[in-house]
Structures are given as C-alpha cells and as structure tokens.
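You will see two complexes here that share chain A, one where it goes with chain B and one where it goes with chain C.
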Partner chain A sequence: MIVPLTAYLIVGAILFAIGVYTVIAQRAAVMILMGIEVLLNAIGLNIIAFWRFTAPTDYSAQIFAILIITIGAIEMAIGLALVMLLYRQRQTVEVDAYAELKR
Partner chain B sequence: MSEAFEIVAFGISAFIAIAGALGMATTMSMFRSGIFLMSSFIGVAGLFILLTADLIGLLQIMMYIGGFLVMILFMVMVMHDPGGAMMAGMDMAFVERWFSKGLVPREPPHSGHSDMHADHGQEQRAHDRQSHAMPQSNAGDHRGHSVHHDEHADDDDQSMQDMDDSGHEGHAAHHGNDKSGMDMGGMDMSMVTPVRPAAAWLAGAIGVVLVSMLLLRPTWRVVNAMPDPDSARRIGQLLMEKYMIAFEGAGFLILIGIFGAVLLARPTIYPDDASRRARVAVDKKPEPIAAEGLVPLAVPDKQAGQHEPHQSEEHGA
Partner chain C sequence: MIVLLAIPALPLLAALAALRVGRRMPWGGGEFVVGAAALSLIGLMLVPDGANLSATWFESGGFRLTVGLEFSPLTWFVATLVASIALGVGIYSLGYMAGKADRPRFFAELGLFIGAMLVLVLSSSLVILFAAWELVGLASYLLIGFNYAEPGAPQAAAKAFLMTRIGDVGLLLGWLLALTLTGTTEIDALIGALGQQQLAPAPVALMAFLMLAGAIGKSAQLPLTGWLPDAMIGPTPVSALLHSATMVAAGVFLVLRLYPVFEAAPGALAAVFWIGAATALVAGVIATGEMDLKRVLAWSTASQLGEMMIALGLGGPLAASFHLAAHAAFKSTLFLAAGVVQEEAGTRGLDRLGGLIRALPFTGVVFLIAGVALAGIPPLSGFWSEEAILATAARQSFGAALLIVALIFLAGTYIGRAASATFFGERRPDDVGKPAWPMKAGMALLALAAASLGWLLSGRLGSILPFSAEPDLASAWRAFALVAAILGLAFGARRSSASAFGVLPAKLRAGLMAATEWPTIATMRISQLLNVVEAALDRVAQGIAKGSSVIAGTTHSAERQFDAVAELAAGGVWRLAQNSERAEALGFARGGDALAIDIVGIGERLRTLQSGRLYLYTLALFVWAAAALVAGGLMLWL
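Up next is the complex of A and B:
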C-alpha cells in the first residue's frame, strides 16, 4: 500500500470530471450514455479505494460495486433501447432533435 | 508485491484510465471513442486489481467490454458519421486534435453538400479528393462534382445504388436525413454541442475543486489490515446471507430491465412514418362499389319481354 488513498481518489475525481464534460458536451445520445458509464466507473473506483484503505475486512463495498455495475448494465440496455426507438421515429440520434417535450 | 512494482502498476493503470476517458470525451470519431472507453475500463479494472478487488476487476472487464462492443456496433449502425471523417477538418482544441490524429478529412470543410458521401468505399473517397484537386470542381461547384461522381459510379460497386439518384438530394434521401427536415448543408456536423467550452470549463472546475479538496483534507484513517486474498468467496457468502435482498432486488431489476428494453425496442408494426402511412393505406377498408343498376334494355320484341323478369332478378341480387 505504498500508493496512498488520495492518489486513487484523485484518479476517480478526474474520471468524474471527464464524465461530466462528456455528458454536457456531447451531442449524440450514445455518447451521453458513454459519459454516464465513465461517471459510474469513477464512483466504483472511489468505493473500492475506500474499502481497501479504511475497511478492508468488510466486503460490503464490493457488493455495492457489483450493484453499481448491474445498474450500469441495465442503464445501458434501456438507454440503447430508447435510442433505437427514438432513432426509428426521428431518424437521428442527436439529442437536439428530441427537444419536443420542452415546448 | 514490491513497492516499485505497485507504483509502476498504479501509474500505468491510472494513465490508461484517464487517457482513455479523455480520448473518449474529445475525439471526433465515435468508433474511436468506443475503443478509448474500453481502454479506460481496462485501466480502471487494473486499479481494482491493484486494490486487491480481483472479482470486481474481472467483472468490470467482462461486463463493460462486452457491453461496449455492442455499443460500438450500435454506433456504427445508427450514427450518422461513426468514423468522424467529416469532423476531422473542423476547428478543434489541442486535445481534440491530438486524439483525432490520423482521421482523414473526407472533404475540405468549405464544401457543404458533398459531405454526404459517407458510405462509399475508400476508392471513392480517394476519387473525391482527386476531384477536389481538379480545377473544374471548386468550392460550391456541386454540379461538376456530382457529374463526375456519376461517371465514376460505373466502376464502383458500392455506388451502384447511387446511379439512379440524381445528385445530392438523392444522397440525402439515401441517408434518410431528409425525413427530419434537416438540411445537410446548413447542419452543424459536429459531434459536440456549442456549449463545449462552457462544459470544458465546468468540468475543469469540478475536477480542480474535487482534487484540491482531496489534497487539502487531512488524510483518512487508514487501516493497515490485508483483506482476505480469497475475497470472492467472502463476497459470495455476503451476497447470499447479509445482502440477499439487495441481490434479489438486483436480479429483479435486471429482469424488469430486460422486459423494458424488449418492450421499447421490439419491432413494431410501424417501423417508421413512411411504412406507417403505407400500412394505414393498406388497412383502410375498400370503399364499397357503388351499385349502379343495369339500364333496362328497351326492346320491343317478345323475346326480350321473356327475359325481362330474369333480368330484374339479377338486379335484385
């Protein structure tokens, strides 16, 4: 454990920032899903790092990480289904074309 | 685990994770972003394994790599420009330029409409570039370009379908983009929204705030215990005992998610507007044929008089 906890947390923070940038700046729905995956990854990394450094004998954190991976997989499946549905209707995957609920 | 090895492994994994995520966020090619995201996941899985969470690392690789292969497939199917070759000539920040290195701009950015030849082969692309070099097809001279195009279509197998199209409107229809009423010439082809600089500043601010908070905070109380090297067994026991409700809930969530995904993405009877119209036109009940009675023949002779009741019977029927 020569690498401190803060190093892992900094990696998680940078991943989180990149995910936020992707979710805001990307235009295609699939890319926004990718940004959400990066956000979930950052969260999982934080949880595992905290588990390893503060409570290594309690394995609940890994179960939480498994649940996060599950949620990510389901989110991706539902998101891709939504993208396919919207693509069939609008013939585009860019989220600017989905702004009808705003009106 | 020796200390130098741990530091080197952490450095490599963290670099792969961050550089992959950065490349995913900034490259202009969607295919590349999928690959970059896979590499980012592998880097994070390396960090997990370094944190002695082997099971989570393996799960990470298995779930996400498979999932993102599917996602890349979706992008190639669905996206307008998965290779990013149209955006390659646009103005980009330094990072974007670096991560988009090697993308050949298919067209110079000033020729708006001819961006539409997205699905032609390499040969065709080279030909496009050639014809741009020619003086006869300058910027904005689409006519010369498309004529040239149709000449070339004879020997190109892929552009056989374009031969019946006349010019660029046909290409637009071929891509299906005219249905949403978008003019491809005026459309912003970029993969990112115009708020990109603001988003970059916001994300940078979030990152700086998080990192500085982490650095300024006094360190957490670190327990120096070593977790069980056979942690997968412990996790399995926890899943089956203490967190069984959560486990079952996750399973139920997956089931419902599958139902939802199938329900959303199932092939409907109306795949799009055109076929819906066609289907409705077919389904409509045929109009009843107006019963126009036969005009009774005014025949003077007797034979016709014999047939007359018979004829009226037909009228009734």
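Up next is the complex of A and C:
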C-alpha cells in the first residue's frame, strides 16, 4: 500500500506544532534547542514528501534535506556550546533569567 | 687656508676681546691688538703664495656674488705693510694710552681699523672689498672722534666720514657696474675679462672713473682733501696709522689692485695723474706754511699720496707701491715722534716749540731719520722710492720729472722747517717729560723700517710684484733731485717756524678748505633743488588727491541713495522674515511639538513589547509568520 502524501504532511504538521510548542513553552535552553531540531525535521519531512510525490527525478530536494540536517547539526553544536557558557556564567539554563537586553 | 682666514680675523677678534675684558688687563686691551698684529704678520709669512679662499655668497639671475680672500703678490705686499705698521703703532699705543681714559674702546676701534684694512687688502671679491672699505671708514670715524669731548672732534670725524663717503658712492657704483659687466664680483674675473678684451671701452672707462672717485675720497686727493688735516684731532697713533697704512693707503691700493681697469681707460689714467699732480703741489705748498706740527704732516701725507697718484697716472704702479711702503714707514714714524712731542711738551704749535733735541734726544733722532727719509736723502727709504717715481716721470716727459723734483724740494722745505722749529733753536717748553718705553720701542721699530726699507726693496720689488720694472734713472736727474732735496731742507730749516713762502700757503689753504667743501655744499644744493621738485610733486599729488576726493564725494552721494533703496528693500525682507518666523513659531513649532509628544507616547507603548521573555519573541515570530502566510494565501486566492 502506498502511503498518501497527505499522511506525510499531517505527520509533518504535527511535528511542526510540537516544535513550536516546545520552543514557546519550554523554559530550559536545552529543551528550546530540541524544539528547534524538531521544527527542522518537520520541514525536512515535508520536503522529502513533496519530492517523492511531485518530482521524483529531481535531486534538488535531497540536497535541500542534507543541507537542513547539516544546519541542524551545526546549530545543535553551537547552541549547546552557548548554553554551556551561559550555564558556567549564570549557574542556570532557564532562559527567563537571560533578560539583560530589556533593561 | 685657516691661516689666510686668521690674518684679518685676528685683529677683529682682538678688538672684541679688548672691548670685553680690556678693562681688567694691564695694558687696557692693547696687548690683544699688538699680539693679533704680530700673529697676522707671522701668518702672512706662513701662507703659501697663491692661497685662495673663495665661496659663492649667493646667485641671483645671472649675477654671482662671491666672498673670498686671495693671496697674490700685491695683496701679500700691502697686507704685510699694514700688519707691520700696525704692529709698530700698536706697541707705541701701549705707552701712549697708558693712564688715559677709555683704553678698551680705543684698542677695540684700533683692532677694527686694522682688521678691516686687512680684509680690504686681501679680499678677492669686490663686495667684500667694498664692505671692508666702509668698515675702514667707520673705524676711522670712531677713532678721529675718539676724544669726543674735545671741541671740534665730532665735527672732524663727521667731516672725514662724509667726505670719504662721497667718494664711496663712486666705488659702489663702480663695482655694481663691474658686476653688471662680468656677472660676478670676483676681481680676477674682471681683470681676466679685461685681458681678453671682452668688455666695451666706454663702460670700462666709466668704471675706472667711478673707482677713481672712491680712491680720491679715501686717499684725500683733490677735491676731497679737506678731511685729512682736520682728522689730526684724533689720538696720534690713530693719525700715524691713518696716514700711513690703513686709511689713505686704501685709495692707492684700490688703483693698484684694479690697475688693469685703469690701463684700459687712458682717460682715467690721465685723470689720476692730473688729480695727483694738483693735490701734491697744492698740499705741499700748504704744508710749508702750516703752524701745527701734526697738520704739517697731514698736508705732507696728501702731497705724498699725490706723488703716488702721479706715478700711477704715468704708468708706474711699481714706483707707486714702492713709495706707498716707504711713505707708510717714514710717515708713521714722523707721526709717532710728533705724538711724543705733543704728549711731553703739551703743544704742537711750531711757534711754541724749539730745541727739543736736548730734552727728547731719542724722539728727535727718530724724527730726523724719518724726516730725512721723507726729504729723499740717500740711503734712507724716501730716496729710493722717489727715485723710482722720478724714473717713471722721466720716462714719460720732461715736465713730469720737473714736477717731481719740485715736489721733492717742497717736501724738503716743509719737513726741514718742521724739524728745525721743533727740535732746534731756542728751547721753548721747559718742563718736558720722558716717553714711556713702549713708545720708544714702537718708534724704533718703524724708524728702522723707514731707514732700511729703501735699499731692502730697491731692485727687489720688481720680482715681488707683478708690475714691470722702471728703467734706470739718468744720473743728471738723480743729482738734480738730491740737490733739490738738500736745498729744500736747508731752506726749510732756515725759515724755521716762519712760513716758508709768506702768506701764500695760508691763502691757498683757506681757498682749498673752502673749495673742498664744495662737494658738500653742492650736495646740499642738489638736495635743496630736490626739495623744490619734491614740493612740485607734492602739489601735483595734492591736486590728484583733491580731484579724487571730489569724485569720491559724488560717488558717495550716489552711494547713499543706493543705500537708502537697499535699506528699504532690506527692511521689507526683514519684516517678511519676521512674519514667517512668527508663523513658524505659532504653527509649525506647535504642530511639531504635538507630533513629538505623540511619537514619545507610541514609543512608550511599543516599549512594553520588549518584555525580555524569549518565548514571547518566538511566539510573535510565529504569529507574524502565520499572519503573513494567511495574508499571502488570501491575496493569492483572491
């Protein structure tokens, strides 16, 4: 049986919603980074789904997906490094504590 | 090269030293001057022939002004003469000035005098020569007026300064002309250009006459003689120096130095002869009637310088330089002896002196040696040099030779008269002191030179100086001159203090002194004439000024009307500006204020958006993105 495109898109939308919720609702910086990762994967799933069902002979979508994975990995590395530095400085990873720009 | 520079620099430095520390020295600074003169003399012996020190001062257009010293046979000869006489006179001054006031000033001025003369003699550039020429004039002015409190001294100094200055203008114009012709101030370049016939004869003749004017002023030739006898008011060592080596010799030296210029201009050479002849004759006659010992010697100097000019004019530079040296030696000796007489006897009036040979035997002998040398009795120096002049004259013409013999007779007369009136006959002043030893030493030195210089230089001078030698003199002329000299001496000695030729010399002197003032008076007349011209120019200028003031008046009124119109326009514009300003203040400013307040309020409200909560920012981002998507979709769909 062939899984229809709509199913992929629904899974992608659910993943995206979960990511948005995680980014908005979570207080820990690490969790926010995880949310961003989920967002990226939702987009990647959508792109692969659209490629598979609309232009299977074109490789551009695959390259796009690889780019997204790469960006996700780099983002994770830099983000975690930032969080670690912040933790060392403040002894906390709660993003609400980082509000200096407001003042 | 350093030695060459040191020769003129030493006396100048000595002058400075005398001025600075002379007060604390035992001889009042005189030791500096004497030492410098001695060192300069030694330096002159050390410097090799042909030494040359030259540099370009500056270049302007095609003109190159140089500075430099040159060591040629002629400059060496005259510089040695200057330094030797300066040494003798300097030693004498040590004794002369002992116990007198203002010694440092005297020796400083003396050092300046000697140094300036050495620069003048050694200079290889007309600029430096002229500058030194003026310095010599300045130093002589200072020294003649040394006893400025004495009545007549400032006047005599000013007279000497101004009269020589008239000649100096000629020299100034002369060297400027040389600069124009050759493009450089180097004397050698000028002489070289003359040798190659590169210069047109007319400007060269003009240049020779201009230079001659300078020489006449400095050497006290007619018509600029008047300052020389008046200069007698200065201290005696100054007179000795001035009359022998430093001041008056400069004129003769100038003609010698620039002899090729004069040779190229026969007219100028003839003028040299005639001026010299007139001066020698007139001054010689006046000297026979003068009643003041120093003034006799002064007139004699003018006469002897005239003889040198005669020799130069007749084409005998060698004889002239010979006589320059011999005259410097015996005339400085005579002056030094006269100075002793004045110091010890308290007067120099011939009618109040007499028989001093017993009171002042040394001075008397020295005076007699120098006097006999002046008269031209062998074997003393005057005989040899006057013989050389006579040989030059005899080669040219019979009349000129006769003139020289007459001059020798006159010289014998006036010096015989002065000697007999001063040293022989009834002893006049009773209380006569003794001269100090430096005075005796100075006199002895110069008397030795006066006695020996003749046979030392005779026949040898031709190999020292680059001038052609004179032919031998016929023995008839020689005997004639000797007889004239002896006759003159005897005649003068017999006349003693009385005038040798009655009232003639006095009349001649009065006439001459009046006549020699004509250049001054003429200058004054010219200046008066210039006054008239100036007044006329003034009137023209006044007329122009008045006319322009009328024009200015009319333009002024026109201007005023323009002004009024402009003021009206300006007023209108100003009022307009004021009104618009008020409108702005009322409208725009108030509106702007309200706007600003509103913006501030909006800013305050917007400020609350910046909560600092990360999730709010993220939410806003997603909401905005969603809204944008919805809007985009709606626009696409519609």
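Throughout what follows, the second predicted complex is superposed on the first by the 102 of 103 C-alpha atoms of A that agree within 3 Å, B and C clash if a C-alpha of one lies under 4 Å from a C-alpha of the other, contacts with A are read in each partner's own complex, and residues count from 1 in each chain.
The definition used in the following text is that a contact is a pair of C-beta atoms (placed from the backbone, for glycine too) under 8 Å apart; a residue touches a chain by one contact, two chains touch by 3 or more.
None of the values given here were measured: they were computed from a predicted structure.
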When the two structures are laid over each other on chain A, do chain B and chain C clash or fit? fit
Between chain B and chain C, which one contacts more residues of chain A in the superposed model? B
Look at A:98 in the shared chain and tell me whether it touches chain B only, chain C only, both, or neither; answer first, second, both or neither. second
From the overlay on chain A, compute the angle at chain A's CA centre subtended by chain B and chain C, rounding to the nearest 10 degrees. 80
In the superposed arrangement, does A:24 touch chain B (first), chain C (second), both or neither? both
Figure out whether A:32 sits in contact with chain B (first) or chain C (second), or with both, or with neither. second
For A:7, using the defined touch cut-off, is the partner it touches chain B, chain C, both, or neither? Pick first, second, both or neither. first
If you've got the overlay open, could you tell me the nearest Cα approach between chain B and chain C in whole angstrom? 8
Pick out the shared contact residues on chain A: the ones touching chain B in one complex and chain C in the other. 20, 24-25, 96
Seen from chain A, its contact residues with chain B in the complex are 1-11, 13-22, 24-28, 30-31, 33-35, 37-38, 41, 44-45, 48-57, 59-60, 62-63, 65-67, 69-74, 76-78, 80-85, 87-94, 96-97
So in the complex, the part of chain A that touches chain C is made up of which residues? 20, 23-25, 32, 95-96, 98-103
Which of the residues in chain C end up touching chain A in this complex? 610-615, 618-619, 622
Chain B residues touching chain A in their complex are 3, 6-7, 10, 14, 17-18, 21-22, 24-25, 30, 33-34, 37, 40-41, 44, 47-48, 50-53, 55-56, 59-60, 63-64, 67-68, 70-71, 74-75, 78-80, 176-177, 179-180, 182, 190-193, 195-196, 198-200, 202-204, 206-207, 210-211, 214-215, 219-228, 231, 234-235, 238-239, 242-243, 246-247, 250, 253-254, 257-258, 260-262, 264-265, 268, 271-273
